[in-house]
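In what follows, a single structure is set out as structure tokens and then discussed.
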Amino acid sequence: MTQPALSLEDFSVSFGETVALERISLTIARGETLALVGESGSGKSVAALSTMGLLRGGRISGGRALLTTGGRTVDLAGLSEKSFRALRGRDIGMIFQEPMSALNPAMKIGAQINECLVLHRDDLNTGEDRRREAAALLGRTGIADPERCLSSYPHQLSGGMRQRVMIAMALSATPALLIADEPTTALDAGTRGRILALIRAMAAERGTATLFITHDFGAASAIADRVAVLYAGRMLEEGPIADVLGAPRHPYTKGLLASLPNRASMAPDAHGRLRLRGMAGAAPAPGEKPDGCVFAPRCPAVQTACMETQPALRGVEVGHDVACLRADEWAVAP
Amino acid sequence: MLRRLPALPGAKEPELLIGAVLCGVAVLAALFGPMLLGGDPAAQDLFHVLQPPSWSHPCGTDAFGRDILLRLVYGLRLTIMEIAVSLVVAAGVGVPVGLCAGMAPAWLDSAIMTVSDVVFAFPGLILALLVVSLMGPGLFHALLAIAAFSIPVYIRLARNLTVSLRHSVWVEALQVLGASRARILFLHILPNAATPLLVQATLSSGTVVLSAASLSFLGLGAQPPLPEWGTMMSDGRNALGAAFWPCLFPGLAIAAAVIGLNCLGDGLRDRFDSSSRR
Amino acid sequence: ADDAPLTVMLSEPPRTMDPADQNATETASVLEPFYETLLKRDAQGTIQPGLATSWRPSADRLVWTFSIRPGVRFHDGAPCDAAAVTRSLQRLIDRKVALAGASVYRAVIASVRQDGEAVVVILARPYADFLSLVTLVQSAIVSPIAVEGGELSHRADGTGPFRFVSWRAGENVFATRNRGYWGVAPAIAAIDWRWSPEPSVLNMALQTGDADVVIPLAPVFGRVYAPGQSAAALATVKRQRSAALFWLALNTRLKPLDDARVRRALSLAIDRRALVTGLLDGFGAPACHALTPDVPDALPCGAGEDRARIDMARALLKEAGQEKGFSVSVVVQEPEEPIAEALQAMWRPLGVVLSIRRQEAGVWVQSAFAPPEEKAREETGMALTSWSAPYVSDLQLRPLYTTGNSAPHGANLGFYNNAEIDRMIDAAAQDNQPASRHETLLAIQSTLDRDAPIVPLFTRDTLYGVRNGISGIWAATEGSIRVVDARRAQAQ
Amino acid sequence: MTPLLSVRNLHVSYPENGVFRRGWRSIVKDVSLTVGNGEIVGLIGESGSGKSTIARAVAGLAPVSSGAIELTGNGPRARQVQMIFQDPFASLDPRMSVGRQIAEVLAIHAICAKDERRARTLALLARVGLPESAYDRLPHAFSGGQRARIGIARALAAEPRLLIADEATAALDVSVQAQVLNLLMDLRDDLGLSLLFITHDLAVVGVLCDRAVVLRHGEIVEQGTVAEMFAAPQNEYTKTLLEAHRG
Amino acid sequence: MSRLLRRAAALPLIMLGVSAAVFVAIHALPGDPARLMAGPQAPESTIMALRVRLGLDQPLGAQYLHFLERAAHGDFGISLRDGSPVSTVIVERLPYSLALGGLAYLLALLVGVPGGAFAAAREGSWGDRLLMAATLVGASLAGFWVALLGMEVFAVRLRWLPLMGAGDWRHYVLPALVLSLLPMAMILRMTRAGAREVLRQDYIRTARAKGLSPWTTITRHALRNALAPVVTVVALNLGGLISGAVVTETVFDWPGVGRLLVDSVRYRDYPVIQGVTLLSVLGVLLANLLAEGVIARFDPKARGA
């Protein structure tokens, strides 16, 4: 096997004393897409930002993050700001989660996209070329009137349009690694399909490895090869998307799937009203994590052992790892 | 596992340390200095004027043979009062007015700003003279004149900051929540506009003392023999070239006061900001 | 070389180019080279012929006839003949023109007429110091053409050895040698007048050579140029005894200053020698009586009179029932403020608390010249100021002490009212007999000492700096600088 | 029964700056819709079709060119209508702790006594699944989904009768989303809360909404009950939407 | 934009109101030009005659109407002091003030903005600390003090620069530096504070994610949003250039409007004071209008609304 494009090894991130990411390990090969799912606040964005060297207020407190690009491998964990800068945009592209605050309110969209093109597209020499390219990029994301969009300020655009502007910027270069932090939340189903196709095409044509952070299992299964499930800063399950979504081995993953909004799966509550099933409780606040399995307090199948030892990630099938003491039981009885 | 040693207090925020020390010293000196040093800051010795610094007069003597150090210590209270009064008046009037103008309907905004611009455009000298003629001379009136002159700066600054913040989504959100304008202005916009206002306020604390000095020649400033720093400094300049000390030491004192105040302000804000942001 | 202009730096800009329309020493300095008067004083103070070659009074000394120097021309080319002189003097006393510096002339001169090649001046009343009046720059003869054109206020036009070139407001006044001058041609080619209100800047300008002459130099800088100091190689400081008298007018209508004993006590408590030493660095003289030493009739300071006599002062206050002291305020302009501050400390032992109102000139004239009611309302007890009226005892007495000159009508700022004094001042002014006049003046001075409506403090010498290598510069008693005779030492 | 909210013939335009002239671009065209008491109406449609603009107009933030927006209840608008913004972070004061921002709403509308505010705020936080420790932190320190929940808690604090949710659950993971959706349904059932729910997730519409309004290019192309619309969409665009959703 | 145009159109009206206020205010100044001209010795009769000559004996309203009437023809009166037209007097001085003040502010901006940006980019570094300390010192030193010190060192001791007066470029160095000190400190600190604030925004993260250098990030993304307060403060002071540089002009013997104002105040030369004040008001109003335009350019939201 060739060197993966990105490989996190025992990667940890802390904010002061609180640990936001705890010994995460995952790899993404060239052209592969890994979906990162998990409870909100579980550290997905933190993982993305620290890989970009853009974390604020926190630091990488352990492990390595190896990025391979153009035959060279660098450890992002100890990289200087200067070397990071050379990587950003060109080798690692990122789509941020909140498109309103992530765009400069005082700059027209055209100028903001143009910046990327100037930096990363040596083939475009004139402003005219770049403007055309910017419009083409926006057009590809499904924006109806790219010219108007280019001469607008962010506040004049709808949420979905801003998100697509972010996407267009990330797609303007040919990064070895694309990090997409919930890129389709503000998009309607049709547009979402279009964006997913774009990302997929980029992966296929240019071998871009993609870290695709999402809550949308539909999107995940449409685009990802594999999926990793994060909970309270720990990785609970990781494997090929079909395996994990088809036959989840961790109670948390199961719970997630059961929470999907679906009239058929709704159940009556105490008052006899139809409600989504979901999972009771909330994820532990950082710093208040239990000693054993982080999911134990909410786990419907919790045992005493779960409260005591922290289960390690272990392979249950080829390429499918689970951090659950009772993982094997779930294979037989879903 | 070995925990890192707790950092020395102030090692991360030297501003705060410097500011606290300077301001602390100043307050202590203002409170107890006169008592400790004794002596009469107004006692003259016309036969020994402009004595260079020596053991008996560490900062030398002035054009009346008075001990400069003694006068500096006695003048500290005045200085503190000057800065406090003019800042409270200037910022206290200017900031609320500016905030309101920023939220007000366009015509009212224009009206307020025009009046404030016109006041500011009045040359300070004339404004100060008008104050004398209207209110009579005296240090307090001088301070009012200085404050009046700097009110418009705060108005405009606060107003422009408000205008730029009032279109932000979170201010809209507050409107939807039914928050009153006053609440939005004073509880939300003000803290977010505080930094530039604070910069303006702390930096101008130095100019306050200096303006007080330049007004004293209009008969507006402190009246002799009050040991007002600015006046001491500007009187001292007349001997520059023959004796440097009557001008130098008050100048240093003013600079130290301003630096202390600024450092304290900056440090406190940093600490506040970082502790609440984490 | 002497082609380079002589740069003279003053402490304030000239106020006008019209000699009769001003009263400022600095302005007089600038105007002096442009204009000439009928008579002039030399460096020793002796009266010499000016534009008048000779003069002769009538027996009653009321009619004065001046023969005008022939062949003199104004800078604009017009002849300066008897007709021109007559018109210039008539303008001076014309009430309609209302020139600022002409009030004394209007009071003294009844009319002026031409008489062939002579000019006849008729006085309204006898005036012993009349000849002195026609040496003052206010009485300088100005060109009728310039007066006609109404441009005298910003273009000087006289008969003097220098002609006006330019006055760039805020920058300088430039004057060049008048090639057609009737007298001795000046050695220097041009004069460049500049000014700065900052004493230390004047000092620096002298050191850098930005100025060849600076006037006035603050007393503290005297020591900078003392022999042995490095600056002594660059310039020399000179002093001129001066008639600039500093005094304090006491409000005789305000309690407790309405009591002459209190006023006298205040005067006694002043250590005039300390003032001269501390404030003037010795460049001055204590003034103990109303007239300044340049007037022959002046009473000198007696032994010990220049020191504080606190015990006598206390006794007097006790007599007046003011042994506990009192509070009083003084209005003073910025430059004279240190004097007040020194007095404040000197009176403290008496329990007298002096509050000083340091005021800008415009405000000061308002409060100093306020009428009695207003001064009572503002509780203005004293006003501190100075002026110089050299040689002319009448000008040192009349404005300050006569009832008719009580503020706001004149400079009797303390409303001193003494019919005897009024009479004696009139008598002295009209008396042409030196001996009896001397008696009157002595009587006036001792009466004033007793009543103490004004506390004389000191006279301040005029201090000026001249770059080494320049000679011929002198200062007049009233404080203006005379540069027309300047010359530079030839380059080695 | 009169509906709680009725929007009639709403038009919204934004100024468009040209180089020399200033034109107006019409964003929302002739939109009429109602939300009944206790009703949950889904507002769906292409991105950029004007959903947020309608929401802002109802909340009083967008310039209404013509048309009427009527609420039947009385009292200040803020007590009746609350809004959850599309971008949760941008809608929070960056310098005020989250707890205080919520407690502030309680203070503004004098909803409870002063000493109860903290407890009540904590309860609201708990209701949206946030820990107590959230009270004192600034918005800055929360993840995207947590911020969305803060926005919801704050809107609920005012106890409105109509809640406008602009993609309120888009940033939430499915388990929290399920909790929030359940919460909204509870509020509807317990308090009679009405909801104008803007979303792209048709599955959520299917679960939550009684009726749906489909918007395209600023115009309503179809509206009706969810069951009917999902079963037999009338409009071409609605059909494509539903097809894309089913994948 | 149209809002600004509307405000610009209102300017003449505002100036009319202002002129009345200025007229009244200036004549309310204590002091009497006639007495100041005549000197303390002069008797009342001289003073009265002078008042009549200067036109000060008329009632204020009549004086004002007279002023307006002449102002309509571009005549702003005659200096009481030397009889030249006020407009000539001011026009003679204005270029000096504008040149010196403009240079000073240019200097302040050229140092202050990049300096502030640098300090913000390197927050907490020694460079930052040093700059901050320097600004504090700069802001707490009296202008005359620095001026006199500069003269002593560079003109008297080293002889590198001329002592005073206006002339070639060398004459500009010291006064411009002195005059720029305070605004420089102010601009630097404001820029830094603003940039620091902006640097925390999410869109800065986006800019960095693009791979922009810190410098580009700051100049292109942060500064625009950080400069509004700077523009505000600069504009306010810019208007004051006309009469604000009093101390510097006095110490350096600079023939500017500031000194003209001081001299005119000293002699209560009402027409000149009036002219300078009106000019200064007009300057401030225009500068602020301009600043609002600039700020609106920086802030598209405020503009669209």
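Should a chain be cited, it is by its letter among A, B, C, D and E, assigned in written order, with residues numbered from 1 in that chain.
Going forward, contacts are C-beta pairs under 8 Å (C-beta built on N, C-alpha and C of every residue); 3 or more make two chains touch, one makes a residue touch a chain.
Keep in mind that what you see is a predicted model, and the values were worked out from it rather than measured.
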Worksheet item: What is the minimum number of touch steps required to go from chain A to chain D?
Response: 1
Worksheet item: Based on the averaged CA atom positions, which chain is farthest from chain D?
Response: C
Practice prompt. Could you tell me which chain lies farthest from chain B when each chain's centre is the average position of its Cα atoms?
Written response: A
Discussion item. Contact counts by the stated rule: is the higher one at B-C or B-D?
Written reply: B-C
Worksheet item: Where the centres are mean C-alpha positions, what is the separation of chain B from chain D, in Å?
Response: 48
Worksheet item: Between chain A and chain C, what is the gap in Å from one C-alpha centre to the other?
Response: 91
Discussion item. Using mean CA coordinates as chain centres, what's the gap between chain C and chain E in Å?
Written reply: 38
Worksheet item: In whole angstrom, what separates the CA-based centres of chain A and chain E?
Response: 54
Item to complete: Could you tell me which residues belong to chain A and also touch two or more other chains?
Response: 15, 57, 98, 100-101, 155-156
Worksheet item: Could you say which residues in chain E touch two or more other chains, in rising order?
Response: 29-30, 144, 148, 152, 202, 265, 299, 301, 304
Worksheet, complete the sentence: Flagged in chain D as touching 2+ other chains are 14, 87, 89-90, 141
Worksheet item: Which residues, counting only chain A, touch chain E once they are in their complex?
Response: 49, 52, 54, 56, 81, 85-90, 93-94, 96, 98, 101-107, 115-116, 119-120, 153, 155-156, 166, 169
Worksheet entry | Residues of chain B defined as touching chain C within the complex | 42-47, 49-50, 63-65, 129, 132-133, 137, 216-219, 221, 223-225, 235, 237-243
Item to complete: Report the residues of chain E in contact with chain B in the complex, numbered from low to high.
Response: 3, 7, 10, 14, 18, 21-22, 25-26, 28-30, 129, 132-133, 135-137, 139-145, 148, 152, 182, 185-186, 189-190, 193-194, 196-197, 228-229, 232-233, 236, 239-240, 243-244, 246-247, 261-262, 265, 273, 276-277, 280-285, 288, 295, 299, 301-302, 305
Worksheet item: Quick one: in the complex, what on chain D touches chain B?
Response: 56, 59-61, 76-79, 81-83, 85, 87, 90-97, 104-105, 108-109, 138, 140-141, 154-155, 158
Worksheet item: Any idea which chain E residues touch chain C in the complex?
Response: 29-32, 34-46, 49-50, 52-53, 81-84, 89, 92-93, 96, 144, 148, 151-152, 155-156, 159, 162-166, 250-251, 253-256, 259-260, 263, 265-268
